[in-house]
Structure formats: C-alpha cells, structure tokens
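Each of the two complexes below includes chain A, the first together with chain B, the second together with chain C.
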Partner chain A sequence: MNKLVEIALGLVTGIGGFLEAGSLATSVQAGASFGFQLIWAIVLGVICIAFLVEMSGRLAAVSKHTLPDAMRERFGIRFFSVPLVVVVLVSFLVLASEIGGVSLALQLITGIRFQWWAPVVALAIWLLLWAHNFSLVEKGASLLGLVTIVFVVGALKLHTPLGEVGAHLLPSMPREDPAKYWFMAVSIIGASVSPYLFYFYSAGAVEDHWDEGHLGVNRIIAGLGMGFGGTVAVAALAGAAMVFHSRGIQIDRYEQIPLVLAEPLGHGGFILFVASLGIACFGAALEIALQIAYLIAQGFGWKWGENIRPRQAARFALVYTVAILLAGLLILTGIDPLRLTVFSMALTALSLPVTVVPLLIVMNDPEYLGDNVNHWISNAAVLFVSVIACVVALVAIPLQFLGGS
Partner chain B sequence: MKLGQALLDQQVTDRNGELMGKVDGVIVELRKEKPPRVATLVIGGGTAAARVHRGWARWLLRWRRRWGPRSDEPLEIPWSRVLKIGVDVKVDLEAERTPALAWEHWVRDHIIGRIPGA
Partner chain C sequence: MGQGRGRLLLLAITPALLTGCHSSPEKEQEKLRQELTSWDATAQLTRELTDRGALPQVYVRQVSEAVEQGKQKLQERAAKSAP
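After this line comes the complex of A and B, so read on.
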C-alpha cells in the first residue's frame, strides 16, 4: 500500500513537474512554426530524461549517495568543479526563465508588464523556501501542476489528427528554415533533459531513505512519470500546431499564446492556460532554486535539507537566497522571458555531455552500484541523445544568432 | 596510499552524524621500512581550492583577508579520531566546536541570522 502511495506521488510529481517554462515555450513555438514535425524531439528528450531519473534514483537507493556526493567522491574536486559550475550556470538561467514564466502569467491577467512582477514572484519563491516547510509546498505545487493535463483536453477538442502525431514520432528533415528547425529541436531536448530534474531527484530519494526495495518503484515513477509529462508536452505542441500553424498564424505577441487553450475551451481555456503557466513555472522555480543550493551544499559537504531552519543551514540558505535574488534581477532588466527560456534550453542541450557523462561513469562503477550497475541500453540511450543534442546545438546555436531572428 | 586516495573527497560527519564538510586533503606519514600510512584528514576550503587550481586558491586567499571569519584554518583530524568509514567518514568530534564550521557560523551571524524569520 505504502508503495502504491509512493508511486502515485511520484507520478503526480512527474506529470506536474515536467511541464515548466522550458517545455511549454519550446513546445508551443515548435508547434506554431513547424506543425507536428518536431514531436520526435520531445520523444527523444523524454526517453533520455526517463533513463537519467531512473539512474539518479537507483544511485540513491543502492549507494545512499546523492549525485553530487558521488560525483565529487568519484572524480575528486578538480574534475567535479567542471560539471558543478556548468550545472549551476544552466540552472540559474532556467530559474530566471521560470520566474519570467510566472511573471508573464501575471502580465496576461493584469496587463502590468512582466518585469514589474519579477520582484514579487522572486520574493514569494524565497519566502516559501525561507519558511522551511518545503516538502508541503512541493507536494502542493505538483498536485496543482496536474492542471497542465488541460493541454491534453485542449488538443483532443481541437480534433488533432492522431495519425499525424504518430507519423512524426520519428525524425524527419525540415521542409523550410532548417536553422530554426534544428535550433528548436535541440531546445526541446534541452527542455526535457533539464539537469535539475535528475540532480534533484537523488536528493529526494536520499532524504526519503530509499533502499534497494525501491528499485521497482523507482523504475515505474521514472518511466511513467516522465512519459505522462511528455504526453502533456506533445499535447501543447499539437494544440499550437492546430491553432497557429495550420492557419498560418505567426506568434509575435505574448497575448496570442493562450489561444492554444482559449481557442478550444473559450474564456475558461484562457484562465486555465494562465493558471498552468503560472503554477508550472512557480513549482519549477521552487525546485530549481532548492536544487542549486542542494548541489553546492552536497558538493562541499555542508548541511542541507528542505525542512531545516535557515539559521541551522546558513550557507545552504545563502545560496538559494542569492540565486533567487540574481534571477529576479535578470528578469527585472526586461529581458524577453520567452527568448531567454528557449536560449537556456538550447544551452542545456549543449552542456548535456558535461552533465551526463560523469553520471554515466558513476552508474557503471560497481563500487557504488554493485550488481545494479547500468544495463548497456541505459548507457547507449543517454549517450546517444546527449551527444546528438550537443553536436546539433553546436551548429544550430551560432546559426540561429547569425540569422538574427 | 590507496586508502588516502579513497578517503579524499568523502563526506565527513561528526559523532552525532552532523555534516561537517568533505575530506579536502589527506596527510600521509612516510615511515622507515614500513608502508606509509594516513596520519591526518584535512577539512578546509583553502586546501580544496588548492587542489582545483593553485593560482586561483592564492587569489581567493587574498580576497578572503578582507572578508569572512577571523580564523578559518583548515581542520586537521588525527587518524585516531576516525570512528568509522562507511558511506561517510565518521569522526569523534563535535562539528559545532571545530573550525570546520567557521564559515557556516560567520554566514549565520553576519547575513542569514539578520534576516527576520531565520
């Protein structure tokens, strides 16, 4: 029974946590620009993140180490400092994107420009962490995150041709604008394979004292949770394809984006879109701010944990305080949150080998995992997706900027 | 020597299980006609920084003279204090009373503790 509750909670977190600023922005933009054509990129990203989350949970259950602990121990501080810096930087940009996403949701309802909302949003995120009762907030946010299922309802009401969706589960060559096509493809993969997801997951598993009896639960949560989350992302892409692409509408203002749901569901759809955007990004922002603090605290052996008073883990609290403050300031400058998000996702894709290969090495080390080392399929799937994403990003990012769009 | 390598960068906890840092350095004792042995474990930001990049560590050191706790000498833990080596290295000390938490206390007293609700 207990296991069933754990699976249910894990699935809720997977579904509610998957769709955030990155997935939403990249899915909607891809659907609007290329119709159903980029669905394969979501599929590839979901396969990769499911394997990574499973590994991170297995590492915690078998070795009782969080991912940063194991990485520092295995590689020493010198080599560990490279993925540490990269993950912190990428996560910081994603944190800013999420704050931008919440601010944008508030702009859509109030008409007040997003940048003025940034300090309010940042303060709210910080207060919830400062109140050191995060486990409650986290579960609440993922439960509310289930609202994103409305994208599936929307896509079905738009009579999305499921045959078309199925036809694009496998990659195809772009018919137009190849630079933008590949840039969007890597952004989508980066959005799915956010390092904060799997770095965070091992900390939760260690805090919940997982052991080898959890390996089955872990596999189900990773596979189904990420699978369902990916389904929501596909639905958002399909909705955007139906509403924008099939009618030749280009998105050039934020106010158009909610049409993905407002078109099939009316004014209620608009409200649900704003709620989905706001809740999903807010929940993700909480997790990312916390994950940055976890990563640094675990890397240096400081005290960490989500339910201890700030003064009892002062350095830990200092890290998330500074991260939220800087991310809020970045949005306050008026930087375009949508472009920042898509750019951060492309950068995430570019950095995948650095964040993923050390994990793979640990996962193949019997000193940490005994008989539970990686199957070659896990290694191959993750390596394949991250190397492809990195190589394509290496070409597509400069092209995108030279193109000036 | 192998033991020293294996211990580096492991998590250190005090006798009550409180996290107190990582094994940032290991001092190995060379003995005549006997194999060398691990004599001391070191916890200290400066020691860790020097292992990342020496020049960078010197730069940090200059910068920290104007900032931070008055003393953050690396903590040297004699081998006799090591209780158990498992997932973590458990040592027979009380973290709160060691310089390993000098920065933690400094941040608490000068920054975090001054914000309401901490």
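After this line comes the complex of A and C, so read on.
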C-alpha cells in the first residue's frame, strides 16, 4: 500500500512538476513558429530525462549517495568543480526564469509590471524554504501543478489532429528558418533535461531513505511520471500550433501566450493559464533554489537537508538565500523573461555532456551500483541525446544571435 | 560518439544553418512582413476573444501595449534596413 502511495505521489510530481517556465515557453514558441514539426524534440528530451531520473533514483536507492556526493567521491573535488560550476550557473539562470514566470503570472492578472513582483516572489520562496515547510509545499505545488493538465483539455477542445501529432514524433528537417528551428529544438531538449530535475530527485530519494526495494517504484515513477509530464508539454505545443501557427502568430512576448487557452476554453482558460504558469513556476523555483543549495552543500560535504533548521545547516541555508536574492535581482532589472528562459534552456542543452557524462561513469561503476549498473541501452540513449543536443546547440546558439531577430 | 563523428555532424549542420541565416535585404523585408502579420493577428485574436468575454480588460491592455511596442520596434528595424 505504501508503495502505491509512493508511486501515486511520484506520478503527481512528474505530471505537476514537468511543465514550468522553460518547457511551457519553448513548447508554445515552437508550436507557434513551426506547427507540429518540433514534437520530436519533446519526445527525445522526455526519453532522456526519464533515463536520467531513473538512474539518479537507482544510485540513491542502491548506494545511498546523492549524485553530487557520488561524483565528488568518485572523481575528487578538482574534477567535480567543473560540473558543479556549470550546473550552478545554468540552474541560477533557470531559477531566475522561474521567478520571472511567477512574476509574469501576477502581472497578467494585476497589470503591475513583472519586475516589481520579483522581490515579492523571491521573498515568498525564501520564506517557505527558511521555515522548512518545503515537503508540504513541494507536494502541494505538485498537486496544484496538476492544473497544467488543462493544456491537454485545450488541445483536445481544439480538435488537434492526432495523426499530425503522430507524424512528427520522429525528427524532420525544417521547411524554413533552420537557425531558429534548431535553436528551438535544443531549447526544448534543454527544458526537458534540466539537470535540477535529476539532481533534486536523487536528494529526495536519499532523504526518503530509499533502498533496493524501491527500484521498481523508481522505474515506474521515472517512466510514467516523465511520460505523462511530456504529454502535457506536447499538448501545449499542439495547442500553440492550432491557435498561433494557423494565424501566422509568432510568440515574441509572454503576454501573447495566455491566448493559447483562452481561445478554446474562454475566460476559464485564461484564469487556468495564469494559475498553471504561476503554480508550475513557483514549484520549480522552490526545487531549483533548494537544488543549488543541495549541490553545493553535498559537493563540499556540508550539512544539508530540507528538514533541518537553518541554524543547524547555516551554509546550506546561506546558499539558497543568496541564489534566490541574486535571481530576484536579475528579474528586477527588467530583463525579458521569455528571452532569458529560452536562452537558459539552450545553455542547459549545451552543458548536458558536462553534467551527464560523469553521471554515466558513476552509473557504470560496480563499486556504487553492484549488480545494478547501467544497461548499455540507457548509456547509449542518454549519451546520444546529450551529445547531439550539445553539438547542435554549439552551432545554433551563436547563429540565432547573429542571424535571428 | 567519437570526436571524428562529432566533427562530421558539426560540418553537416553548419552549412545548413548558415544558409538559413544568411540575411539578404529581401529576406529581412520578408521577416519584417511576417512579424507585422504576427502582431496584427495577435491584435485580431485578442479582439475576437474580448468580444466573446474571454479576456479581462487588465490583460487586454497589456496585449495592446505589447502589440504597439512590437510594431514600434519593427518600424525602427525597417527604417534601419531601408536602402
């Protein structure tokens, strides 16, 4: 019975937690610009993240190590500092994007510019973490995050041609604007394979005292949770294709995006969009702020834990405090949240090999995994997606800025 | 993937991207036209949905501002790219 509850909670987290500023913005922008053509990028990203989440859960269950812990121990602090710096930098930008997303949701319903909401949002995130109510908030945010299923309802109400969706499950060459097409593709993959998802998952598994008896639960949560979450992202892309692409609308500002649900679902659709954006980004911001603190604390061997009072883990609390403060300040400058989000996701894709290859080495080490080391299929799938995403990002990011609008 | 294969992939992708990125004056004009259509269509869709009572006024004002600013930027770009 306990296992069933764990699976249910894991699935809720997978569905409710998958869609956030990055996956929403990249899916809708891609659907508006290229119709259904980029659905394959979501599929590729979901396959990759499902494997990575499963691996990080397995590592925690078998070795009782979190990812940073195992990486520091296996490679030493000098080597570990490279992925540490990269993941912290990328996660910081993603944290700012999420704070921007919540602030934008508040702007949409109040009319007050998003940058003025950034300090309020940052303070709310910090207060919740400081008061160590995180477990309750995380589960609450995931449960409320189920509101994002409204994108599936919207896509169905728009009579999305499922044949068209199916036809684009495999990659195809762009019909126009290849630089933008590949830039969007890597941004989508980066949004799906955000390192915070699997780093955070391993920390959660260790805190929940997972053991080898959890390997089956872990597999189901990783596969189904990410699969259902990916379905919501596909629905957002399909909705954008139906509402925006058919009218020749490109998404240049966040303010355009609520129309994707207001068109099929009326006023309720608008409200549910704002709720989805606010809740999904708030939940993600909590997780990312905490993950940055986990990463640094675990990497340097400091005391850490979501249920420990700040005074007992002062350096851990200081890290998330500084991260939230700086991310809030970045949004306060008035930086365009949509551009920041899409750029952060492309950077995430670029950094994938740095974050993923050390993980794969650990996952193939019997010292940590015993008989539960990786199968060659999971090695190949993750390595393939990461390297391809990185190579394409390496070319597409500069070209997007040189040639893009 | 080996280094050689990675380089091969890079070589295969770069020309395709570079071709797509080459921005002649005609292409720039076409891009500007598409973006103008996009803003006009955004305004049109917002009007339709407002008539159906689907959007609150506070949001409609924000979209109108975004459309106005978007068109303003297009005008500036058009002026810069004019011969």
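Rule of thumb we're sticking to: the second predicted complex is superposed on the first by the 402 of 405 C-alpha atoms of A that agree within 3 Å, B and C clash if a C-alpha of one lies under 4 Å from a C-alpha of the other, contacts with A are read in each partner's own complex, and residues count from 1 in each chain.
Criterion: contacts are C-beta pairs under 8 Å (C-beta built on N, C-alpha and C of every residue); 3 or more make two chains touch, one makes a residue touch a chain.
This structure is a prediction, so every number in the text was calculated from the model and none was measured.
K.L.:
When the two structures are laid over each other on chain A, do chain B and chain C clash or fit?
P.N.:
fit
K.L.:
Pick one for A:85: touches chain B only (first), chain C only (second), both, or neither.
P.N.:
neither
K.L.:
So in the superposed three-chain picture, is A:108 touching just chain B, just chain C, both, or none of them (first/second/both/neither)?
P.N.:
The answer is second: A:108 touches chain C but not chain B.
K.L.:
Is A:399 in contact with chain B, with chain C, with both, or with neither (first, second, both, neither)?
P.N.:
second
K.L.:
With both complexes superposed on chain A, which partner does A:73 reach: first (chain B), second (chain C), both or neither?
P.N.:
A:73 contacts chain B only, not chain C.
K.L.:
Looking at A:169 after the superposition, I want to know if it touches chain B, chain C, both of them or none. Which is it: first, second, both, neither?
P.N.:
In the superposition, A:169 contacts neither chain B nor chain C.
K.L.:
Which of the two partners, first being chain B and second being chain C, lies in contact with A:391: first, second, both, or neither?
P.N.:
A:391 contacts chain C only, not chain B.
K.L.:
Name the contact category of A:182: first (chain B only), second (chain C only), both, or neither.
P.N.:
Touch status of A:182: second partner only.
K.L.:
Could you tell me the angle at the CA centre of chain A between the CA centres of chain B and chain C, given to the nearest 10 degrees?
P.N.:
Angle at the centre of chain A: 130 degrees.
K.L.:
Of chain B and chain C, which one touches more of chain A's residues?
P.N.:
The partner that reaches more residues of chain A in the superposed model: C.
K.L.:
A:249 contacts which: chain B (first), chain C (second), both, neither?
P.N.:
second
K.L.:
With both complexes overlaid on chain A, does A:266 touch chain B (first), chain C (second), both or neither?
P.N.:
It touches chain C, and chain B stays clear.
K.L.:
Once superposed, minimum distance in angstrom between C-alpha atoms of chain B and those of chain C?
P.N.:
Scanning every C-alpha pair, the shortest chain B to chain C distance is 27 Å.
K.L.:
Which chain A residues contact chain B in one complex and chain C in the other?
P.N.:
none
K.L.:
For chain C, which residues are in contact with chain A within the complex?
P.N.:
Going by the criterion above, the answer is residues 1, 6, 9-10, 13-14, 16-23, 31, 34-35, 37-38, 41-42, 44-46, 49, 52-56, 58-59, 61-63, 65-66, 70, 77.
K.L.:
If you look only at chain A, which of its residues touch chain C in the complex?
P.N.:
107-111, 173-174, 176-182, 243, 247-250, 252-253, 255-256, 258-259, 262-263, 266-267, 269-270, 383-384, 387-388, 391-392, 394-396, 399, 402-405
K.L.:
Which residues of chain B touch chain A once you look at their complex with the stated criterion?
P.N.:
Spelled out, the residues of chain B in touch with chain A are 8-12, 18-22, 24, 43, 45, 48, 51-53, 87, 103-105, 107-108, 111-113, 115, 117-118.
K.L.:
Considering the complex alone, what residue numbers of chain A touch chain B?
P.N.:
63-65, 69, 72-73, 76-78, 80-81, 130-131, 300-304, 309-311, 314-315, 317-318, 321
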